[in-house]
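You will see chain A twice below: alongside chain B first, and alongside chain C after that.
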Partner chain A sequence: MKKLSVDVVVIGGGATGAGVVRDVAMRGYSVAILDKADLGQGTTGRYHGLLHSGGRYVVSDPHSATECAEENEVVRRIQAHAVEDTGGLFVVTPDDDLDYSNGFAAAAAAAQVPCEELTIREALRREPRLNPGIKRAFAVRDASVDGWQLVWGAANDAKRHGAHILTYHRVTGMEVVDGSVRQVTAIDEKRGEEVQIDCNFVLNCAGPWAGQIAGMAGCEEVEVVPGRGIMIAMNHRLVNSVVNRCIYPADGDILVPVHTVSIIGTTDVKATDPDQLAIPRDEVQQMLDAGEALVPGFREARAVHAWSGARPLFKDPKVSASDTRHMTRGMKILEHDTRDGVNGILSIIGGKLTTYRLMAEHMVDIMEEKLGNQNECKTAEEIIPGNEDRKTYAVTHRLEEREHDRFEDQIICECELMSRGMITQLMTEQPTASFDDLRRQLRLGMGPCQGGFCSMRATGIAVEEQMVDVERSTELMRLFLKNRWIGLWPILNGDQVRQTALDNWIFHGTFDIEHLPQSEEEAL
Partner chain B sequence: MTSHEVVQQGESHEHNTLARASLDNCVKCTICETQCPVSRVTPLFTGPKFVGPQAERFRNGESVDKSLDYCSSCGICTQACPQGVKIAEINTVARAVMKEDHMPVRDRLIVQTTLMGRFMTPFAPVANMALKNKPVRKIMQAVVGVAEDAPMPPAQMQSFEGWLKRRPRPKTQPTREPIVFFHGCAGGYFEVETSKKTVEVLEHLGYEVLVPKQGCCGLAQQSNGLFAGARRSVNALVDALLSAGKGLTIVSSSGSCTGMLKHEAHEILGMDDPRLMEVGSRIRETSEFLLELLDEGILTPDMLSPIEATIPYHQPCQVKSQAMGTPAVTVMEAIPGVKVVESGQPCCGIAGTYGLKKEKYEIAKAVGQPVFDMVKETNPDLGTCDTETCRWQIQKHSGVRMVHPVELLHQSLGLSNDLKV
Partner chain C sequence: MTSHTAPIADSSLATSAQRSAAERVVVVGSGIAGLTAALTLARAGKPVTLVTKGIGGLQLSQGTIDVLGSRDGNYVPFAFDAFDGLPDSHPYRLIGKDAVLSGVETFARELGEGYFEGQAGVNALYPTAVGALRPTALVPASMAAGRAEVGRRMVIVGVRELKDYHPELIAGNLARTALPEGDPMDVRAASISLPAREGEVDSNPVMYARSMDRPEFRARFIAEVKKVIQPGEVVGVPAVLGLNDPTVHAEVEKGLGAEVFEIVSQPPCVPGMRMNQHLTVRLKELGVRIVLGAEVVGLQAHEGRVTGVDVRTAGRVRTLAAEAVIHCGGGFESGALAVDSHNRVSETLFDLPITATDATELIHGDYWGAPQPLFEVGVRVDEAMRILDAEGHPVYPNLFAAGGILAGAIRWHEKSGEGIALGSAHKAARTICEGDLS
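On to the complex of A and B.
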């Protein structure tokens, strides 16, 4: 058993938790963050990649819109490398009426969201594949952001301030002594070891799982409704700026260029279990139709992967529980001392990735108030190390890097231009990482072949670098391919079928993957 | 959107979505990489799969991978791809983006093929001397980057147009419909002999050959990334060729220029003007047309006197990409006694203007080496090939005289007797 003693335990390694642990550490507390899986593996890693300009909420939720506009600038400043300054458009497609757009510019001005109406000609010049029948277009400061880089950036900064980053630590219980949370117990899943962490305060940032966590401290049913949404990544950038439909928030109203792909999203359906999120066929069709409205020919383009994420929405008694879209998206912080009579724990529910830093600031402020402390929050001013040059990311970066090291380094993932140097470095830093853990940080296997050509190379390298033995490497490769398959199956059509057939011949026909030596334990 | 608007849009920014969209078909099988003649000889080029469907996903109107310029645009990758990815086309468009801002003077100069020919013809002896003069070529290499040993077109004493004007009128009246001859820049100024003989063969077979005043097809501009100029050239040429009459067949002995009008201007420059489509569907490479005449019984074996020779033949990459088989082989072998041996090689290396550039000269030579060896071994006196720059390249490096296949037919028809066979 491993024992640890810290001031604060943060539970949940998504964007919110990462923002919170950074803030707590920067205010001088000793802190540990726990996640049952990898950082950014839940909701944070399963969204469309938008850094909101605020434009989406100017009519429905002006307060959120203003916060988004402000935090958008903050994130660009402190974490430039995670952000691509794509710019965004709000367009009225031929299928939409003009009512919503008539109030759009005024609402944006009122919410202090920068917005400029474009001529149709100018909008089509910027995005030539856009539906030529669009009726109006507005430019906003939308950007795309890599959720995993954002989370790892914040977490690594927290680490520099002394924080413990404990991934694959599943919380199993909390000990409440005299009405106060005093200890968190967890299982280190990769080592199969129990961990006890003494603490003075718990910050519950578990998103859709926050209700389960709060329950462990004896706090009465915290109702978090997972609002399930699916997204589909298309093989290349059909647009180079974010394209939103200028309508009241609805399904399939956004297309985001993120790295090499463009992502269409999303749906919104009440789910029961955040660990069991379906990708229903009809929703896939619905997304492809939505894409067609924005970019004619969208259905003929190649879909490479689909996934499903759960928004953590706090159940507001004012609206019906089945209508998740209209629950508040503003976040809610639950003070369990007054609410449930349990001291030393706060839960945060809801919010948006764009405002992750601000949400953290609010939560840590409340914690400090309870603790009778008043340290200054510096998260908006201090640039996260590595981003000092304040240069935002561009999709061309990796191509440029490979241009320079093409004679020295091998390319392992051809689709995403990930080099051998990149993967061996991360394997050294994170020796227990699964290939999916590496994927989230390096984009291994995220391109059109979905691991068909790179996963066996990564496996070979892992063995060569003595990171794993042969049995575990086989298990890791199988697990990786199995997880890729989850997102392939629902969109299998056209070009992706041919790819999958070729990949299948390689893995079954050439490698006989089903009959490779097996390890006793399940890989994680 | 009308075709005119598409061209306008293309002019403003080199983003031909036609080629880009085809990257979706790539399954990464790597067949293109195994067939690329440039990758075979140099590590400087990252290969067709890399620069084509892979790198294109990382491009966003910006150019960061200058090494793509090592692609020779031979198009073998596109032909080899079993999935229909327009690999070479993607790359040519990317090169145009790369060169939008900083076009080397040299690449602007060597694409001015018409201008060069017009300038050189009146001064042919001087020009030829200058091009053979080492110090002059060294200066050319240093100043404009044309390799000092690069094969250069022989300037002629008389242009094709000059010959056409001055020659005696054909003795016999045409017995068949009029057809249009497209001579191309090289055929107009440098490979005048090929043009003359093509016209004479066609007239011998009874056709009235019309030669409207015409300019360049823009291929050299296109492969050097000068798309706007290339589109202007295509438009002017299409108008010129159509001016000869409605619904006429167009014949050309410039293999690569024919391909430009057949498909490249559409696939790479994104042009879909109906006039271009009209010309593209009516144009035939000379051997392709002669094969049709063989099939129709207009050209018959009894017209052909025997030539006892084994003839090496290299089909250029840009003729391969026209997907018409190897009509030149069938036509030459229709001559009694002729045995044709094909090079079986993807490319001679020159790929238009690629091998003229000093940084690519050695690569181009290495690419073409198997062709040079094969030609020399098969027949040290005579070889055949359908395009001009390829003939210059093969002739320069093998020392074997290279002619268009039509010249062999010309001799077999009894119209000349200057081939040493």
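On to the complex of A and C.
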């Protein structure tokens, strides 16, 4: 058994938890963050990659719009490398009426969201693939953001301030002594070891799983309903700016260029289990139709991958009229001392990735108030190390890097221009990582071939570099292929069918992976 | 099933030029099926036009001749013995053992005495690039020493500049894989560093094979490999032992004083390219007209018979007159079969009737579960390899199919791609040669 003692335990390694652990660590507390899987593997990693300008909320929720606009600038400043300054457009398609757009510019101005109406001609000049029948277009400061880089950036900054980053640590229980949470127990899934962490405070940032966590501390009826949404990555940057439909927020209304792909999203359907999220075919069809409205010919483009994420939607039977301190709408911070009579624990539910830092600030402020402390929050001012040059990401960055190192290094993933040096370095830093863990940070297997060519290379390199033995490496390859397929089969059409046939020829035909020795237990 | 709604023009206005050229057989596609069908026809004295959009699939293959290596994940020791147990929908039920034997024989004969080792009906196991033991029937001589046998000592030698070949992975998995007859082989890994071109750290296998064609380079290769092997070891190397020079393998064996075998990794497959090159030269010698870069987009028919094939080439569509047509366009991997964004499956050249048209229920989410039924979809044929409609009647008496387009088998799963291609190509070509086009 492993034992640890910290001031604060943060549960949940999504954007919220990463923002919280950074803030807590920067205010001088000792802190550990736990996630049952990898950082950014839940809701944070399963969204469309939009850093909101606030434009989406100017009419429905002006307060959130203003916060988004402000935090958009903060994230660009503190984490420039995770952000691509794509800009965004709100367009009225031929299928939409003009009512919503008539109030749009005025609402944006009122919410202090920068916005400028463009001529149709200018909008089509910026985005030539856009539906030429659009009726109006507004430019906003949307950007795209790599959720995994954002989370790892914040977590690594927390680590520099002394935080423990404990991924693949599944929380199994909490000990409440005299009405206060005093200990968190967890299982280190990769080592199969029990971990006991003594603490004075728990910050529950488990998103769709927050109800389960709160229940472990005896806080009842924290009902979090997963709102499932699917997203589809198309194999090209069909647009280079974020394109929003200028209508009241609805399904399939955003197309976001992220790295080498563009992502259409999303649906919103109540789910029962955040660990079992389907990608229904009718929703796939709905997204393809939505894409077609924005970019004619969308259906002929190549869908490379789909996924499903769960928004945490909170239904609180105990909510009281005096509960007014929650400054961000769509987000709730539960004070379990007054709510449930359990001290030393707060839960945060809901929110937006764009405002992750601000949400963290609110939560840590409340914790400090409970603890009787008052340290300054510096998360908006201090640039996350590595981003000092303040240069935002560009899709050509990796090409530039490969041009510099092409005589010294091999390209392991041609689709995403990932080098051998990149993967061996991360394997050294995170020796228990699965290939999916590596993927989230390096984009291994995320291009059109979906791992067809790079996953065997990664398998070989992992053995060569003695990161793992041949048995584990082979199991990691099996697991990676299985996981890639989860996001492939629901959207399998067009050239991706052809690609799958080729990949199957390689893995089943040429390599005959079916006849490899197989371990009894699946790798983690 | 769809009714046959192909974009076929009933060209009652066939020109005299078309009629005079109508003696030719048009073979569509230049994979192993297309090449073999064209060779068989040409050897029988038929004028042949081979139309192909790109270079065929041999260069994407694993370089061996599979007949039937695996059923439900279990090794099949004798392929033909397993034919009777195949479902009625399997192409081998129509092709039959004799046609497979003849097809394989034709193919092997065209490549020359001693090119292959093994027998069509007998499988042996050979190491793959991830260290699995793969069943196949015939292998090129350059792979033959890799045959898995109890008591064998192997060293898998990697070249650091080739990123698709990882000797520790191959050796590690082979060393923990028991042979059907008993213990695992004694296998270890070793590596050399030898850039194909000065300063090149990331070499393509084709580039590497070209370098191996040069005597001075392969002398350096032999010298480097010699440093890492021990007496009595069989030496496994990446499949880069020469592209154009057929003596490289023998010379490397001689230089090392050891048995040497090639292991094919992901494409491009150099042994497949060698075969492709060899057979293409043969076709040209036999006077086969090869039309490259030509996409087949439709058929012409007159009085219930195919009279020509429409090809899009050089910015226009033109018609190649045809006495008979063999569709060797391959399956989903080549684009001859496709699924659109509404999950509709179709045959893309002629919009032929296929065994299923809705992909929705043919794909499931369990990667390691049962093979995906989608990849069994294709055209149905009769015993003569004539393409059939939904009612089981030939679409045209002179329209045939061979290879990957045939329904009923997931070739990568059961290791049957070449056997089906060669057997069906043989049958279709024989039917045409025998003049049975009515």
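Observations, loosely collected:
Convention: the second predicted complex is superposed on the first by the 508 of 524 C-alpha atoms of A that agree within 3 Å, B and C clash if a C-alpha of one lies under 4 Å from a C-alpha of the other, contacts with A are read in each partner's own complex, and residues count from 1 in each chain.
The rule is short, and it goes like this: a contact is a pair of C-beta atoms (placed from the backbone, for glycine too) under 8 Å apart; a residue touches a chain by one contact, two chains touch by 3 or more.
In this text the structure is predicted, and so the values were computed from the model without any measurement.
Applying the stated contact rule after C-alpha superposition, one finds that A:189 touches neither chain B nor chain C.
In the superposed model, more residues of chain A are touched by C than by the other of chain B and chain C.
By the touch criterion defined above, A:406 reaches both chain B and chain C. Of the two partner chains, chain C is the only one that A:281 touches; chain B does not reach it. When both complexes are overlaid on chain A, the residue A:175 reaches neither chain B nor chain C.
In the overlay built on the shared chain, the residue A:453 is in contact with chain B and with chain C. In the superposed pair of complexes, A:504 makes contact with chain C only, with no contact to chain B. Contacts of A:414 after superposition on the shared chain: chain B is touched, whereas chain C is not. Legend: residue contacts after superposition of the two complexes on their common chain; A:395 is shown touching chain B, with no touch to chain C. Shared-chain residue A:337: touches no atom of chain B or chain C.
Note: residues 300, 406-407, 411, 452-453, 498, 502 of chain A belong to the chain B contact set and to the chain C contact set alike, using the contact criterion stated above.
Within the complex formed with chain B, the chain A residues making contact are 125, 128-129, 132, 235-237, 240, 260, 297, 300-302, 394-396, 398-400, 402-403, 406-407, 411, 414-415, 417, 447-449, 452-453, 495, 498-499, 502. Interface residues of chain C facing chain A in the complex, by the touch rule stated above, are 60-62, 70, 73, 75, 128-135, 163-166, 168-169, 172-173, 176-177, 199-202, 264-267, 269, 331-335, 338-343, 359-360, 363-365, 367-368, 372, 374-375, 411-413, 415, 417. The touching residues of chain B, counted against chain A in their complex, run 1, 9, 12, 15, 17, 20-21, 23-29, 43, 46, 49-50, 54-62, 64-67, 83.
The residues of chain A lying in touch with chain C in their complex are 281, 285, 288, 299-300, 303, 406-412, 420, 452-453, 456-457, 459-461, 463-464, 469-471, 473-474, 477-478, 481-482, 484-486, 489-490, 492-494, 497-498, 500-502, 504-506, 508-517.
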